[in-house]
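I have placed the structure first, in the form of structure tokens, so that the comments after it can refer back to it.
Letters are used for the chains, namely A, B, C and D, taken in the order the chains are written, and counting of residues starts over at 1 for each.
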Amino acid sequence: MLRVEWAAREMPVLKLLRERFERERPLEGLRIAACLHVTTETANLALALQAGGAQVALCASNPLSTQDEAAAALVEAGIPTFAIKGEDTDTYYRHINLALDQKPHITMDDGADLVSTLHRDRQELLAGIIGGTEETTTGVIRLTAMAAAGALRYPVIAVNDADTKHLFDNRYGTGQSTLDGITRATNVLWAGKRVVVIGYGWCGRGVAQRARGMGSQVIVVEINAVRALEAAMEGFQVMPLLDASAVGDIFITLTGNLHALDQVHMDAMRDGVIIANSGHFNVEINLEALAAMTEHHRTIRPMVEEHTLEDGRRLYVLAEGRLINLAAAEGHPSSVMDMSFANQVLSAAYIAHEGKNLENRVHPVPTEMDQEVGKLKLSAMGIQIDSLTAEQQHYLSSWDMGT
Amino acid sequence: MLRVEWAAREMPVLKLLRERFERERPLEGLRIAACLHVTTETANLALALQAGGAQVALCASNPLSTQDEAAAALVEAGIPTFAIKGEDTDTYYRHINLALDQKPHITMDDGADLVSTLHRDRQELLAGIIGGTEETTTGVIRLTAMAAAGALRYPVIAVNDADTKHLFDNRYGTGQSTLDGITRATNVLWAGKRVVVIGYGWCGRGVAQRARGMGSQVIVVEINAVRALEAAMEGFQVMPLLDASAVGDIFITLTGNLHALDQVHMDAMRDGVIIANSGHFNVEINLEALAAMTEHHRTIRPMVEEHTLEDGRRLYVLAEGRLINLAAAEGHPSSVMDMSFANQVLSAAYIAHEGKNLENRVHPVPTEMDQEVGKLKLSAMGIQIDSLTAEQQHYLSSWDMGT
Amino acid sequence: MLRVEWAAREMPVLKLLRERFERERPLEGLRIAACLHVTTETANLALALQAGGAQVALCASNPLSTQDEAAAALVEAGIPTFAIKGEDTDTYYRHINLALDQKPHITMDDGADLVSTLHRDRQELLAGIIGGTEETTTGVIRLTAMAAAGALRYPVIAVNDADTKHLFDNRYGTGQSTLDGITRATNVLWAGKRVVVIGYGWCGRGVAQRARGMGSQVIVVEINAVRALEAAMEGFQVMPLLDASAVGDIFITLTGNLHALDQVHMDAMRDGVIIANSGHFNVEINLEALAAMTEHHRTIRPMVEEHTLEDGRRLYVLAEGRLINLAAAEGHPSSVMDMSFANQVLSAAYIAHEGKNLENRVHPVPTEMDQEVGKLKLSAMGIQIDSLTAEQQHYLSSWDMGT
Amino acid sequence: MLRVEWAAREMPVLKLLRERFERERPLEGLRIAACLHVTTETANLALALQAGGAQVALCASNPLSTQDEAAAALVEAGIPTFAIKGEDTDTYYRHINLALDQKPHITMDDGADLVSTLHRDRQELLAGIIGGTEETTTGVIRLTAMAAAGALRYPVIAVNDADTKHLFDNRYGTGQSTLDGITRATNVLWAGKRVVVIGYGWCGRGVAQRARGMGSQVIVVEINAVRALEAAMEGFQVMPLLDASAVGDIFITLTGNLHALDQVHMDAMRDGVIIANSGHFNVEINLEALAAMTEHHRTIRPMVEEHTLEDGRRLYVLAEGRLINLAAAEGHPSSVMDMSFANQVLSAAYIAHEGKNLENRVHPVPTEMDQEVGKLKLSAMGIQIDSLTAEQQHYLSSWDMGT
């Protein structure tokens, strides 16, 4: 399909790995169940896994993020894909189970719904699994909690924690595409707007940086003291969300947590504000509380719900609180998914080879793999860098040369 | 002294800890030998340690960085201080040995010259030592090499690696003060200049960010692929130093490594360029090679050496390649040293209490200590932040709530 | 219509003026022919003019920029609107003539096609015209040339040159929406891309600033020495377009001139580059030359034409070289059109009142009108500012108080 | 002198003009009285005028800004220079009169003290004057008021209003050097500080941009609605000074007006704030009111006055409210003075040639002169730019090519 081809154009690292996989077939005979956003970039990932010898089955990791034409292209390429944009929760879980029906050796997850469904409802499949990978901060948090509770039954590679993933995908990918989603949904001018960024992890940093880059006045809300200090030192205003609620024009949640934006905050907001979520799950905004507060409700533009409260104030919630970059735009640009998915395919190959030797916990991506992805990407961008001289390597490993 | 008082005004966290130490006396009866830049901020650190019950002796960690009036103020306060601005290498090491003559229980280091001198020349003192702290990236690299070689004979806390240290001191402190030093030395306009930042660690990031903030066109040189990619994604030009040498106006080394800027690079530079170092040791620029290339030499402004080469090109080296922010300006602003030194005094108290139980290697600053420094600083800046609700804490530790 | 209402929400100044016009009817009995981009914002402008007593007829100022639903909403509101998205050149001019058939007293133009058609083909209408307004830099350049040649037969207010228009609309409006259009058309990641901005007027500044804000490495091309210097001092790379052609990833023209991007430049470009225009007319890219160079041609995504050249290089031209923000996105955000159109309605009222006394040339927007728009906008944004004290006003008008 | 030579190194345009003047002697036989900041850059200006054939006499335009070694170097070069750093007001005016005693044909002014003294006290000299030049916004405001009152008795060229002057000197020069002055005086960390910029003209923009570039949270205070809107759209906080007074850490005045920062504002400030002026005259801060509010007073660092008020709050005023960049740092970097002074020498030559034909009012720098300075500067920076093709020039002057 043309759109998948267009995405491929910006995914040179994945293309290179796909060519290598075609020669080396590191996934020969393995079945992979992948629960990911079904986009043109994911299509390229699935094709690379397939080229490596795997049988891949795909389901959506979010009910709103599926690009139906990407799904169609995958099916055409012989990859079963269970996903329809806008599917309801029942269908969502049915699709996950259909993917699991393939009896996977490897799971590939984006938010850990596949892993948790498997551990909860499909324990008969656990014996066949070698290992898994996880794409998101949210998923890594969940899996770490599972491992801590002794509940995780196979090793998972935290692809999210690779430097070439979270420093780029979470920061530059989420940063750009969150603003893109809100712009497409609303066509607001960013310049001069007071934008409240809730959560200053790598995603929040990206959004704060891009909103400033568009001329907004950015206010950061954060619960971690060191991160809050960093935000302040970057020149952002930092304050509790309740204070920010009284002045903000646009609110964006990226916390990975429940009800980051709660009733008390919505009570304090001004007429006409815009509220969006860019965290993985649609739990960050307390939509139940908002529903209870709402007197009238209408869809004023696609993806824009107007909630008129009893006191006449109107709050505009985007995409029903689902992650805005996938719901209202096209998700992360291909160029950044290139690196994330390069880590995915290398991690899949690593599990195929080493999974039997790994403990049942969350493992980091090996450093050399991380550096390799970085080098391939630089080279694809036409950028060359220096390396250490022998003299310099010696200097770094010595401790007796001082002032 | 008024200047020490002025610095104290911007060091509210250290002031608070000093008051706590006066009450709790956690360092009662301990001798501390500290090898640090002898500045007004360090004076406040020494007074806090003294307030905690310690006997402190101070020597300089760099021959050019001593503020003589700070040294005088310390002596007046009863703290032996062995440091004179511009001292030669012999005097430098004699001063280190004078500080060691105090038979310290704790060493406090900035670059590891104290630790390495002690291990090499004063092994008789090792038995009395409980532990040490180290302030810099350079020192941590040296100490880690020592530990790896089995040569480190007591535990050292890597104060440098505390988030509230390196994310702030290295980035915002070095960033601002490096430009400040170069501005004071040269009075150049930064806007429109091509600034080559060699090394994109935390210090290099700070300098690149500030140079851009002053209107410069920034070129980054880096050997680590992931860091190089980050620099490119931040919109900086990234290239090998040899290419950058042909176009740069101002060159700044921050690598912690030997001869980062070497003869081959100076051969390629244009007439009139400015060269400075902001790494810990004066080894980053190959000054011996430059001396051999130089036909005429004169000091055209204080801290500015003009090297006229055989082909007529003039290269301007600042502060003889010593770290420019301390040599030509006043070092890091007090506000940022406040956090670094809060980590120092808390680490000293930690060693006093726990040092006997620690292995002879490099240890991180405990996370709670790091968060405590962050909280105190935020509060001193008049910034309040939110904390997690019970519901949110529960959510983060659970793994069974999904889409 | 909901979308027109949504736009109105971000146009508080226009709303206020519409209410004033309803009371004061300053345009009572006048016919206005307006040739503008037919968007939801323009719909609000037309409704305000109608509220002031005018009979308005609308036609499109660009064949690709019409939002068909906005046109439908206008017709429903009793405003004849001649515009269909994607109309061909014949239809385009037929529509202009249909608007002129209304025998306007006032013309409202965006690029001066209405004025030039009227002077060339419909001279019988000139006698009835009191005056006109012009929205764009391009139009003001054309009208100034007409006036210089003695060809302009009625006075025109250069709305474009109001500070509250070009400092905002051209800079922040074009800046944001140009990137938005390219993002929607291509979904490229901006971070790390080399973006070549051709033309550093107010539009070009906006685009350069926003591209930097998105993490791009920006290269500016400009023919005016002072503007080129400003770009350099802002830290942008500045070079001739031929040099930039060899390194750029994305090229954007905003010059108001013919063939700013010509065959010689396309000859020098690398495989895979993206080319877009954000100037008023589709003449800035030499598309005829490109067509002659192209061996294969296909539409790879909507608005993205792939040109494969004989040597195998592929160039991607967006929206057939038409202004990208209107063709591929929604044009300027309402918030910025609010100010431009506030100037339009005030200028229309000014012509109604003063037009008979104005010479047949291009006139500036009166300063007080400009400040009034500024004050209304600030107030709508909830921003208060200070004013001069009597003492200060006196000081500014005196010359005898010195050192 | 070495420092004058160092400045010359960054003033390539002035150097080129000096060489041209040596050949062409456009100022042969003319006497010039110049009232300017006596710095190493001004020394280079005076030498260029001398090379053109003029007899130059110099006096200081500010009691605190004189660099005594620059004055000494000028005297040595045969240019009478009446200026001592820290001179009192009587001496200041005596020095102005000594410069006037040279019976100038041309006056060169920086703030209009020379012109106003001459018109008030030395009217006998008016007959001999051909014309003058003025360097600053403040001076142009004063001279325009004089001309409006019919009091100006000879033509003056507003060098300040040349694009190559105010867009660079006021913005990049004042921006950088104001922060530099405050840093040298206080060594504060800019990151995280709330910086209140009072006045958003070209100087204020420069300071706001640089403070943001250093990581500060910037608040803009402005009385002009359009400028205030621009500041808001750039993402700055905009508010009345009284509101800003309650939250700011550092206050900087750049208004050209009296008591921009008044008692009511100082009443509202928090303990420990820093106050500086970077406008031309020391009238922008109401120091008389502050003196009346002050209970204790001491100099805590050079250039830093601590005012302890009755309620215990301490306000720190820098450099007695004189323009901070010249008082505490070295004034504008040479590179930017290069352009301002290139305009000065070209304007002096223009007056020599054309002054007799000019009306007694304030005149702009001719556009071609402005572009010439721009081109020379670009070329000195090694930057090449494009020029219009014949086809493009034709297009711009035509009005009949449309859509």
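Definition applied: a contact is a pair of C-beta atoms (placed from the backbone, for glycine too) under 8 Å apart; a residue touches a chain by one contact, two chains touch by 3 or more.
All of these numbers come straight from a predicted model, not from anything done at the bench.
> Among the remaining chains, which ones contact both chain A and chain C?
For chain A paired with chain C, the chains in contact with each are B, D, in label order.
> If you tally the C-beta contacts, which comes out ahead, B-D or C-D?
The greater number of contacts lies at C-D.
> Using mean CA coordinates as chain centres, what's the gap between chain A and chain D in Å?
Computed value for the inter-centroid distance: 51 Å.
> Calculate how many whole Å lie between the centre of chain C and the centre of chain D, each centre taken as the average of the chain's C-alpha atoms.
Computed value for the inter-centroid distance: 36 Å.
> Scan chain B for residues touching two or more other chains and write them down.
Where chain B meets two or more other chains at a single residue, that happens at 172, 191-192, 212, 215, 229, 232-233, 381.
> Residues of chain D touching chain C in their complex?
Its residues touching chain C are 61-63, 89, 92, 111-113, 116-117, 120, 141-143, 145-146, 148-149, 151, 163-164, 167-168, 172, 221-226, 228-230, 232-233, 238-241, 256-260, 281-283, 370-371, 374-375, 377-378, 381, 383-389, 391-392, 395-403.
> Across the complex, what residues on chain D touch chain B?
2-3, 5-7, 9-10, 172-173, 175-176, 180, 183-184, 186-192, 209-210, 212-215, 272, 300-301, 304, 329-330, 332-336, 381
> In their shared complex, at which residues does chain A touch chain D?
Result: residues 191-192, 212, 215-218, 229, 232-237 of chain A touch chain D.
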